[in-house]
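Below you'll find the structures, each written out as structure tokens.
Both complexes below contain subunit A, partnered by subunit B and then by subunit C.
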Partner chain A sequence: MTRLVVGPFNRVEGDLEVTLDVADGVVAAARVSAPMFRGFERILVGRPPGDALAIVPRICGICSVSQSMAAVAALRAVAGVVPPPNGALAADLSHAAENIADHLTHFYLFFMPDFCRDEYASEPWFDDVAARFKAIEGSAAGELLPARAQLLHVLGIIAGKWPHSLAFRSGGTTRGLDLGETMRLIAAVAQLRGFLERVLFAAPLEEVAALSDRAALDAFAEAPRTRNGDFALFLRLARDLRLDRLGRGTTGLMSYGAYRGAGEALFRGGLYDPTTGGTGEIAPERIAEDVTSTWLADGPVHPAEADTHPAVHKPEAYGWAKAPRLDGRPVEVGALARQVVDGAPLARALVADGGSNVAARVVARLFEVARVALAMETWARGLEIGRPFCIPDLPSPDGAAAGLVEAARGSLGHWVTIRNGETARYQIIAPTTWNFSPRDARGVPGPLEQALVGTPVGERGARAAAIQHVVRSFDPCMVCTAH
Partner chain B sequence: MDAPRETFYDVIRRQGITRRSFVKFCSLTAASLGLGANGAATVAHALETKPRIPVIWMHGLECTCCSESFIRSAHPLVKDVVLSMISLDYDDTIMAAAGHQADAILQETRQKYKGQYILAVEGNPPLNENGMYCIDGGRPFVEKLTEMAADAMAVIAWGACASWGCVQAAKPNPTQAVPIDKVIRDKPIIKVPGCPPIAEVMTGVVGYVVTFGRLPELDRQGRPKMFYSQRIHDKCYRRPHFDAGQFVEAWDDEGARQGHCLYKMGCKGPTTYNACSTTRWNGGVSFPIQSGHGCIGCSEDAFWDKGSFYDRLTNISAFGIEANADQIGMVAAGTVAAGLAVHAGVTAVRRLTDKSGPHGH
Partner chain C sequence: MRPSFDVLWLQAGGCGGCTMAMLDRSAGLFGELRSLGIQLLWHPSFSEQSGDEVRDIFEAVAAGRRPLDALVVEGAVLRGPQGTGLAQRVAGMGRTMLDLVQSLAPRANYCVAAGSCAAYGGVSAGLPDPVEATGLQFEKDTAGGLLGRDFRSRKGLPVVNIAGCAPHPGWIVETLTALAAGVLRADQLDGFGRPRFFADHLAHHGCSRNEFYEYKASAVATGERGCLMEHLGCKATQSVGDCNQRTWNGGGACTHAGYACIACTSPGFEDARGFTTTPKVAGIPVGLPLDMPKAWFIALAALSKSATPRRVRDNATADHVAVPPRRNAPGDGTAG
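Let's turn to the complex of A and B:
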């Protein structure tokens, strides 16, 4: 048995370190460490509740709207505020733009460059992939970055600035859009479709959203019409490398449900059990955070009652992330979980044979891009010019509530308690806190720690690309993880 | 130096960028820096003759919003030029190398280009518990930061974190996060505050520094004068409504729809120095005030601990410039005509001056 330390990781958001025990060239155990902590849960306490809307986006520069939306949902629930339909749609459009931007960044800039490593030089697809995705030099980044900047004009139009937008309020979004701005919004969404259909999929979004099983996916990878898209390139590579056998996860898959602005959620929430193939409701009161392996002092475990007190001299602890558990068990979150829980046949097919895996996580992310881009078109056309976007602020009543939303990387929850007009308690559980959680009191590892077990590293040890693929397939956001 | 170091131009040509694109880049850089008629030639000459200046980009306690802003610069050639030509020798968010290989690049650059590289810092060091709140590669970030700064030519402090501390330094500042000038004391530091800074401001600053090999003229707080010499309020397109006493009273009310002033909603534009109201965000699309929300002053020191973001400036004492907001109101009432005159100048191209000058190098 040898112990390897992998890290610091590049091309992830924030700092990450992974310790691996390797026996016979295969990972036998993994420990995942979030080595950075800022203390937002303490900083928010004692401030006016509404100030959270300017502070929480700054938890993360790449999912700032998600953090805003969770805070908005929590404050909205405390106050019992219902935003006008325009405000809800504008917020969903903003959130969708950020989530799609994150998915595309992950695929193009963070995940694919690892297949350009020398160890793959003899693969039949290598030249194509390296020309496209090699970090900094590949041709894809030059197409992605301008398209992504265009997409984020949606945030510019609705929210003025991104990241760390200020326009999202309990009562809606701060400013009504006029006809010209709405037209620009519709144009930005149309440009997104253009990039996706031309570069990523080489197919209409409707065709991608209709993919329903592995056979359809295989055909998509090879068909002359679609094989030149980056999606098809990945599908062929994933098949060659058997990425569906890598990074296997056997935990439940959870989603809080996403994009509720138009009334019914676009993706419904729940918990999927891979052993039975059934989906059940989530009971939020059964969410708890264990700090056995965290440099934090013990205390109440439910986020509505917990506090955050650093305790750096804990010999058994190995990072700043807490270990969230649902009904005492770890769960995996993210685009794959969202699509599986929602019942998308393709996503169900991808996890039917042994649970989540590297290939399924990446396919689900891009599949979701197609579905959300289509929804954005509907939402943008649903805005009613001249109707309200926001209702006025009222003083925050005392009370407690949770704001549960879906960020690009999975389930994000904010639990707020307001007392005497001030924030008395604020707790955050981010998507990567679920996925990259450390061991709990019973010694049960988190989803990534489990998924890494069995990963072949061969003679390359810590430099093996397989480790990078497994870790990155979750699209970690480490600054959110320990916040 | 054993062999002559390659120039930017060498790198640019080696990467297959045409002469024509290079000239275009020089013109755009010169224009964005306000260098005047001969600016493009000056920039081109510098890039053709001076050795390439390596840039090391480090991340401390932060949220990566500065990088996010930077990679979306509207500069048409940013993807070719700023990212690959100017060559971020080390940036852990976008680079290809991983783990200890990446650490090795840091050390190699430090030795090979001793005293000649630019250290760009995003985020800041936490000092509590010997730096344990930000461990990077098994070592406290503060150690790596001071080590890399020791051999740098100059340091760029990106954003509110590196410049002032930002929200992680908000009370009670659990990790004792401090701005980088608290631990780097013997190097020139240029502060580029904002949360995040505007993309075009970032590319402008990095373009200037690597082109001319020195910092542009700074104000007393260490900010580049070319981008931080005016208040948001000075060039705000809603300024006439302030002068006319027309204010938004509630989000999305009739005043909001008419584009009235957000002062009563807590806007900090009158006391915030930044280029948001001229350069704007997302490629010039908009900025927070245009979206109907006041400025929170995110480029100012301690913006996070000055009372609620939604308090009117009346509630905040110890702001400079106008002594208090009542006087702002009085001054405003008396200067409607002057305000209009100033406003007429808004459309004029901003003069971005550097008195020490690119011409004097």
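Let's turn to the complex of A and C:
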């Protein structure tokens, strides 16, 4: 048995260290560590409740709108505020723009460059893939970045800037958009479609959103019309490298449900068990956070009662992330979980063979991009000029509530307690806290720790690309993980 | 070919948002840096190198074997808990970020703090400052920080503080360009180390609510079009930045979008209470423009309030233009 420490683990958001026990060239056990901690759950306490809306976006530079949306949902639940329809739609448009930007940034800048490593230099596809996706130098980034900047104009129009906006409030969004601004939104969404249909998919969004099984994906990967898109290129790589056998996850899949601004959620929430095909509802009171492996002091385990106090000298601990559990078990979250839970036939087909995997996570993310981009067109056209976007802020009443939303990377929850007009408690469970959870008191590893077991590293050890693929397939956000 | 300007980027105790903001450049960041001769020796979000390949780069720079033009640090340096620096261990290296930054800073020709966390502590240092966060050369508004008041990088500059949470992508790229060109001198930084090309402006300059400010026609509730200073917490008249002149993400800005400037380029901005409410004494906002006698401001405000046109007054408390500017009638020979 050899112990390998992998780090700095880059092209993830924030700091990540992975420790691997390797036997006969295969990972036998993994420990995942979030090595950076800032203490937002302490910084938020004692402030006026509304100040959370200025503080929480700054937990994360890549999913700041998601953090805002979770805080808004929690404060809204405490106060019983309902935003006007325009404000709810504008917030969903903003959130969708961030989420799509994140999915694209992950695919083009974080995930694909690993196929350009020297390890693959003898592969027949290598020269083409390296020319397209080589870190910083590849041609794809040159096309992605201007398109991404255009997409983020949605945030410029609705929210002033990205990242870190104060436009998202319990009562809606802060700017009443006029006709011209609404048309600019529609134009930005149209330009997104143009990029996706020309560069990523080489196919209409409707065709991608209608993909429903693996045979359809295989055909998409090879058809002369679609094979020049980056999606098809990935599908062929995934097949060639058997990425569906890599990074297998067998935990349950969870989604809180996403995009409720138009009324019913665009993606419904719940649970899915990939080993049985069973579905279920989430009981939020059954969420707990274990700190056995965390450099934090013991205390109550439910986020509505928990606290966060550093304890750096715990012998068994190996990171700053808590270990969230639902009904005592780890669950995987993210675009794949969201699409599976929603019942998308393609996503269900991708996990039908026993659970999540590297290929399924990446395919689901891009599939979701197509579905959300289509929804954005509808939402942008649903804004009613001259109608309000926001109702006035009022001081928050005392109370406690949870805000459960879906960030790009999965389920994000904020639990807030307000007493005497101040935030008395604030707890956050981020998507990657679920996915990259450490071991709990019973020794049960988190989803990534489980998914890494069985990964072949051969003689390359810590440098093996397979490790990089498995870890990055989750699109980790480490700054959120320990916050 | 001219030699490249090599940048090593570290993410300390922050959110990564400065990197994400930099990526918002409309022409495409990577091509732009390439055309400017700026090379990312290593960047945690973009580079291929991982693990031991990165450790080799750090060691070569720390030992002086690899020259470094600019060390850019994003995020506050975390000294806690209890002075251990253990709030941020550098993955795979068995050492703290506190230690790594200290070993690399003396080797760089220039040291750059990207964002208010690296500059002053920022939100990571928000009270009660759980992990003893500091900026590179300031701790909140006090000179010193991690590297000390007298620190100068190899080319003789103090830490260059690209303040902002997050900074405008242009502030970052233009600062790096100026350093690469060798034209950023100490007198082009203000007293808090901020490049004056953006810090000699106020966020207020170019604000789309300017007419409301002139007449002190104020928004009272969230979402209204009036000036945000009197009631809704806006600090743009006291905060540096050309935010409303260059605009963000294709034309946006905080005040344009309907919420207060929270002074994110200022040391200590994170410790405000009530970001969207203006603190007042006897009904008068506490934070008035810094370079104007208070009595004059109040007198002028009273005068301009009394002269406010109905259009401006009514629009100030509406969420859309309720009263348009008056026009001459078509065909009367006075187009306008």
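The criterion applied here is as follows: the second predicted complex is superposed on the first by the 483 of 483 C-alpha atoms of A that agree within 3 Å, B and C clash if a C-alpha of one lies under 4 Å from a C-alpha of the other, contacts with A are read in each partner's own complex, and residues count from 1 in each chain.
Throughout what follows, contacts are C-beta pairs under 8 Å (C-beta built on N, C-alpha and C of every residue); 3 or more make two chains touch, one makes a residue touch a chain.
Keep in mind that this is a model prediction, so the values were computed, not measured.
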Clash or fit, subunit B versus subunit C on superposed subunit A: clash
Which of subunit B and subunit C A:Gln468 touches, first, second, both or neither: both
Subunit B versus subunit C as contact partner of A:Gly61, first or second or both or neither: both
Contacts of A:Leu16 with subunit B and subunit C, given as first, second, both or neither: second
Partner chain in contact with A:His164 - subunit B first, subunit C second, else both or neither: both
Subunit B/subunit C common contact set on subunit A: 5-11, 13-15, 17, 35-39, 42-43, 46-48, 50-51, 54-55, 58-62, 64, 109, 113, 116, 134-137, 141-142, 145-146, 148-149, 152-153, 155-167, 169, 171-176, 295, 310, 312, 320, 388-393, 462-463, 468, 479
List of subunit A residues in touch with subunit C within their complex: 5-11, 13-17, 33, 35-39, 42-43, 46-48, 50-51, 53-55, 58-62, 64, 105, 109-110, 113-114, 116-117, 134-137, 141-142, 144-146, 148-150, 152-153, 155-167, 169, 171-176, 178, 184, 188, 295, 310, 312, 320, 386, 388-393, 462-463, 468, 479
Touch list for subunit B against partner subunit A, complex: 59, 61-69, 71-72, 74, 78-80, 83-84, 92-99, 101-103, 126, 129, 132-138, 166-168, 170-175, 177, 195-196, 250-253, 256-257, 276, 281-283, 285-294, 296, 298, 304, 308-310
Complex interface listing, subunit A residues touching subunit B: 5-11, 13-15, 17, 35-40, 42-43, 46-48, 50-51, 54-55, 58-62, 64, 87, 109, 113, 116, 134-137, 141-142, 145-146, 148-149, 152-153, 155-167, 169, 171-176, 295, 310, 312, 320, 388-393, 462-463, 468, 479
Partner subunit A, residues of subunit C touching it in the complex: 11, 13-21, 23-31, 40, 42-52, 54-55, 78, 80-82, 84, 86-93, 97, 122-124, 126-128, 130-131, 133, 165-166, 221-223, 225, 247-260, 262, 264, 270, 272-277, 319-321
